[in-house]
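In the two complexes that follow, chain A is the common piece, with chain B as its partner first and chain C second.
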Partner chain A sequence: MTIHPHCTVAIVGGGLAAGLVARQLAREKVQTVVLERGGDVMGTAAARIPTQRDELRWDVRIGLMQDAATETYTLRRSRDELSRPMRRLNAFLPGTGVGGAGNHWNGQAWRWVEYNTKLRSRLVERYGRKAIPDDMPLQDWGVSYDELEPYYDLFEKLFGISGRAGNLNGRIQPGGNPFEAPRRNEYPQGPLETTEAGLIFQETVQRKFGYHPFPSPAANSPGAYTNPDGMRLGACQYCGHCDRFICEANAKGTPAALLYPWLEHQPGFKLQQGAQVTALDYDDKAGRVRGVRYIDLLTGVEHLQPADAVVLAGFTLTNAKLLLSGGIGRRYDPVTGQGVVGRNFCYQANSGMDLFFPGRWLNPFLSAGSTGTIIDEFNDDNFDHTGLGFLGGGYIGVNVSSGRPIKSRRLPPGTPRWGSRWKQANADWYAHACSMGVQGSCYPHRENFLDLDPDYTDAFGQPLVRITFDFRENERQLSAYCTGQARKIADAMGASVVGPAVPRSAPFDTRLYQGSHITGGTIMGADSATSVVSPRLQHWDAENLFVAGASVFAHNAGHNPTGPVAALALRLGDDLARYVRNPGRLS
Partner chain B sequence: MMISLRLTIIWVVLLGTASTAGAATPAVPASKPDPVNGAKIFALCAACHEPGKAPQSGPELRGVIGRRSATVPGFRYSRAMRRANLTWDESTLDAYLADPQAVVPGNTMPFPGLPVAEERRELIHYLKTLQ
Partner chain C sequence: MKDPQAHSAPAPGNSRREFLRNIALVAGAASLAGAANAAALPTEPEGESPPSEYLSFGPDEAAFVEALVDVMCPADGLTPRGVECGLALFVDRQLAGAFGQGERLYRNGPWRPGRAEDGFQRPLTPEQFYKAGIAAANEACRRRHGRPFAALDHGEADEMLTVFAAGGTADEPALLGEWFNELVYPLFVQSCFADPIYGGNRGKVFWKMLGYPGLPAVNGLNMVRYRGKPFPGARTPMSMEDFS
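Moving on to the complex of A and B:
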């Protein structure tokens, strides 16, 4: 084993959260090593046309993602089922390589509504204690929106986020999202162009329903942009190759474009590529992590990186896995409800339907990743749930984000599955169809959790993470209600055909992509009996261990998780700079 | 397209304010190009062509005036650009920047072009200052 010189902070994973933590540490001259299993694809064929446009390679065969033949997960939908490995990753897509999953996002950069970090208190206050089912372990996060606001603001500036403010310092702004948490500044860049489908949606919900449509906040740069670190973004070309691709025009705000090339030049920063982290070196008597063990994937040699402080910033499931396999913190037990590592694993209850407008040219190929037109009237607790029988909700909107040839084939119900008539229908409908989607929240359920699989192992001989998950009663009812609301809008939009509006329901089907927004397993909170890390993201049992990423979320909302991941990571970076100078429990 | 449109609008506004001094001036003023404006337009290029920063998505532009096309050492040019056989001077750059795909069909620069002649003049003037 190769033992490296001691470093101040070692970060596991080289994605968005790690890059933002490292950025704050670099500004405070704290020596940092980032351990990333993959390589850097910026500047390679993956980032340049024509190869960049290879839908088969990057989209269908998910060329930028974790290789399931090396490492995957097992699933069972309840405790009495036998778990099975996901041999292909489809439902959610863990990234790999410098930038991680932050490279293959579409760029929806939301601030979550302010009550989200105090959701339990909010719901109890509004509906009473009995409104929260016994099997729904909702809890407050121990952090307020006001504490996160400056970090949201910084993230938006660093990534050149575009959008239109809906709530500036408490004043509701026309054309923005009236449910938005109050922001101190406008978005750094104005909104992207609205798509044709977005215009139809906008007009319908405004005129016929009185809702408040707004442009999706986006990390797709509408113009040339220079961030506070001097890193530049080009202008989005609306090419429709955003998610699952590296932007050919350097117009997508990603860690690989904006964070790591800057970090490279900072003294004391080191990025170790090809570093497959296998374990934390943990001294349970002292309650301290001594360092990080990893295998160099080029040589197969095991390494130890000793560090004063360690940050887990891998994919959601990686963070839980390293704590479970290292025996750090008590494992969650669904029978007793005791224990913490693995609890509150959440996904999202997403659904949608196709709309067909023979007379309108919707031209789906002309889009950015986040050219969405959205309403938030039915999201989270933005509406009264009295008597509805569920909690939570989702945004409803028309997200036109690609019109790629292999997978973008919306066809009306009843179209033959093959042959000349199928081909003709493709030609007839390609430019005239769009989808309306619901991004539904997912609140924790006592029986949705993570642990280690007793049978299956990865290529390194380590147990796979076992996911026990299904869409429970709350998500099924929520999705039925929100999909119904979306259907009403769809019917009013003037489409000649509206495809089936199928709510998300059990059983959870891993063959279908539903979004990579999985959360929880190593959650934050003010009570060490029900959380893995403190509100400062410091491990309750190991003082010098910290966790970043969506694995600390105590529930999942009806918005993409990237915004709060980023705000929490930036705040952690500042906290860590404090910690390394004056170690101890952060308050 | 949309970027160019937006720039066009900005330019029209700028022209509108500038031309109030001399009422009879033509739409394209014959005055010396403004390097500050050229630098602003260059921001559209800089995410891929930042001077002195290699490697990046676009080739180095310092010294581009007078250079043969596809000759920056180490840069991986498209086949179309390798066969373009141009010398980058004011007139070839002007044509290329107006509509890159028309001048070098199949080149892989993800940029739709600058339709306004005055913008191109400013930009080319700025490129001359990059040494």
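Moving on to the complex of A and C:
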């Protein structure tokens, strides 16, 4: 084994959360090593014209994602089922390489509604204690929106986020999201252009329903932009190759464009590529980790990186895996409800339908990753749930992000699947159809959790993470309700045909992409009996171990998770800079 | 970034052929190591016609897939028949290449047949599964019509595809439905709409059919100029080769 010189902070994973933690540490001159299993994708065929625009390679064959042959996950829908490995990754897609999935995201950069970090308190206050089912372990996160606001603000500036404010210092702004948490500043950049489909949606929900549509907050840069670190973005070219692709125009806010090129010039920062982390060195008696073990993928040799403090900032499931395999913290037991590592694993209850507008040119190929027009009237607890029989909700919107022809063609129900009539329908509808989607929340369920699979291993001989998950009654009800609300809007938009509005339901289908927004497993909270990390993201059983990423979310909302991931990571960076100078339990 | 429309027309050169030859060399090596019926390495095709040597299919398999793509994509006012669009060639190349050999597929045991929602759970490569399905499909055709799929007339073949898509005959229910819906059909769609550099969608004929403009580099102005209007670039789609 190769033992490296001691470092101050070692970070597991080189994605968005890691880059933001490291950025705050670098500003305080704290020596940091980032351990990333993958390499640098910038400057490769994935980031150049014309090879960047290869739908088969990067989208259908998910060329930039984690290789399932090396590491995947198993799934069962209940404890009495045998697990099966996801032999192909389809439902959610972990990234790999410097910058991680933050390089090939669509760029929806939301602030979650302010009550989300105090959701349990909010729901108890509004509906009473009995409104929360016994099998729904909702809990407050132990952090307030006000504490996160400066970090949301900083993230938006660092990534040049575009949008239109809906709530400036408590004053509701026309054209923005009236349910938005109060913000001290406008978005750093104005909104993207609205798509034709977005205009139809906007007009319909305003005029016929009185709702408040607004442009999706986006990390697709509408113009040239320079961030506070002097890092630059170009203008988005609306090329329709964003999610699952690297932006060759350098117009997408990504860790590979904005964080790591800056970090590599900072003294004391080191990025170790090809470092497959396999374990944390944990001293349970001392309640500390001594460092990080990894395999150097160039040689296969095991290395140890000793550190004063360690941050887990891998993919959601990686963070849980390293704690479970290292025996760090008590494993969650769904029978007793005791234990913490693996609990509150959540997905999202997403659904949608296709709309067809003969004669209207929707031109889906003219789009950016986050050219969406959205309403939040039915999201989370923005509406009264009294008597509805479920908690949570979702945004409803028309996101046009691609006209890529293999996967983004829409055909009316009843169209034959092949032959001349199939071809004719493709020719007739390609430029004249769009979809409307619901991004539905997913609250925790006692029986949705993570542990280690007893039968399957990865390429490094370690157990695969086993996911026990299905859409339970609450999510099925909320999806039926929100999909029904979306259907009412669709019917009023003037489409000649509206495709079936199918709510998300059980059984969970691993074949279908349902968004990569999985959360939980190493959740945060004020009570060590029900959380893995404290409100400062400090591990309850290992004082010098911290966790960043959506694995700390105690539930999942009806918004993309990147905003709160980023805000929490920036705050953690500041906390760590304090910690390394004055170690102890952070309060 | 230059306006892609300003690029010169693609030279009537060999980049597509070279690409196909290159993937043929890589895939050919994999086939020799694995599949029993790997074709000999191709030689440079003569003249301007695209290469047609199959790297995965034997003659009976080629006949099956050629019949399949011609039924699923008959010649009509929109496109030539499937074989002429390169659709069989695309499928062959995918099966002989990384996808067909199981790239990005977790292949550790234990093997547990699952429900449909668990996805692919067979200890086969996609190439092996595709060929096992061809054999089962031909068997189903022989039982019903006394002939293999490639010898059926268009109506019979079309009807058999409907049978496969619905889950196969009573004798082979588990194999044929998954085979057709999860492997054959997606490869067919990809053969139509993927970049022509992979061998299908020859002449960008399916992109022209849709009105998909291909690979524009810059739409910053087009986004506003053509919002709600026909997009002129849709008539002359640009592929990877057009940028090379």
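Keep this in mind: the second predicted complex is superposed on the first by the 587 of 587 C-alpha atoms of A that agree within 3 Å, B and C clash if a C-alpha of one lies under 4 Å from a C-alpha of the other, contacts with A are read in each partner's own complex, and residues count from 1 in each chain.
We adopt the following convention: a residue touches a chain if its C-beta (ideal position, glycine included) is under 8 Å from a C-beta of that chain, and two chains touch if they have at least 3 such contacts.
Since we're looking at a predicted model, the values are computed, not measured.
When chain A is checked against chain B and against chain C, the one touching more of its residues turns out to be C. By the document's definition of touching, of the two partners only chain B reaches A:Arg232; chain C does not.
Of the two partner chains, chain C is the only one touched by A:Lys423; chain B is not.
In the superposition on chain A, A:Asn250 makes contact with chain B only, not with chain C. Contact with neither chain B nor chain C is seen for A:Leu298 once the two complexes are overlaid on the shared chain. Judged by the touch definition given at the top, the superposed model places A:Ala224 against chain B, while chain C stays out of reach. By the touch criterion defined above, A:Phe365 lies against chain C but remains apart from chain B after alignment on the C-alpha atoms of chain A. Within the superposed three-chain model, A:Thr195 lies in touch with chain C and out of touch with chain B [touch as defined at top]. In the superposition on chain A, A:Pro50 makes contact with both chain B and chain C. Note: residues 49-50, 193, 235, 237-239, 249 of chain A belong to the chain B contact set and to the chain C contact set alike, using the contact criterion stated above. Against chain A, the residues of chain C that register as touching in their complex are 1, 71-74, 76, 78-79, 99, 102-108, 110, 112, 114-121, 158, 161, 165, 182, 185, 188-190, 193-195, 198, 206-207, 209-220, 222-224, 226-231, 234, 239-240, 242-244.
Residues 2-3, 6, 43-48, 50, 55-57, 76, 108, 110-112 of chain B are the ones that touch chain A when the two sit in their complex.
If you check the complex, the residues on chain A that touch chain C are 49-51, 53-56, 60-62, 67-69, 72, 75, 82, 84-90, 193, 195-196, 199, 235-240, 249, 360-363, 365-366, 403, 405-406, 409, 417-420, 423-424, 426-427, 430-431, 455-457, 507-511.
Chain contact summary for the complex, chain A toward chain B: residues 43, 47-50, 193, 223-224, 226, 232-235, 237-239, 248-251.
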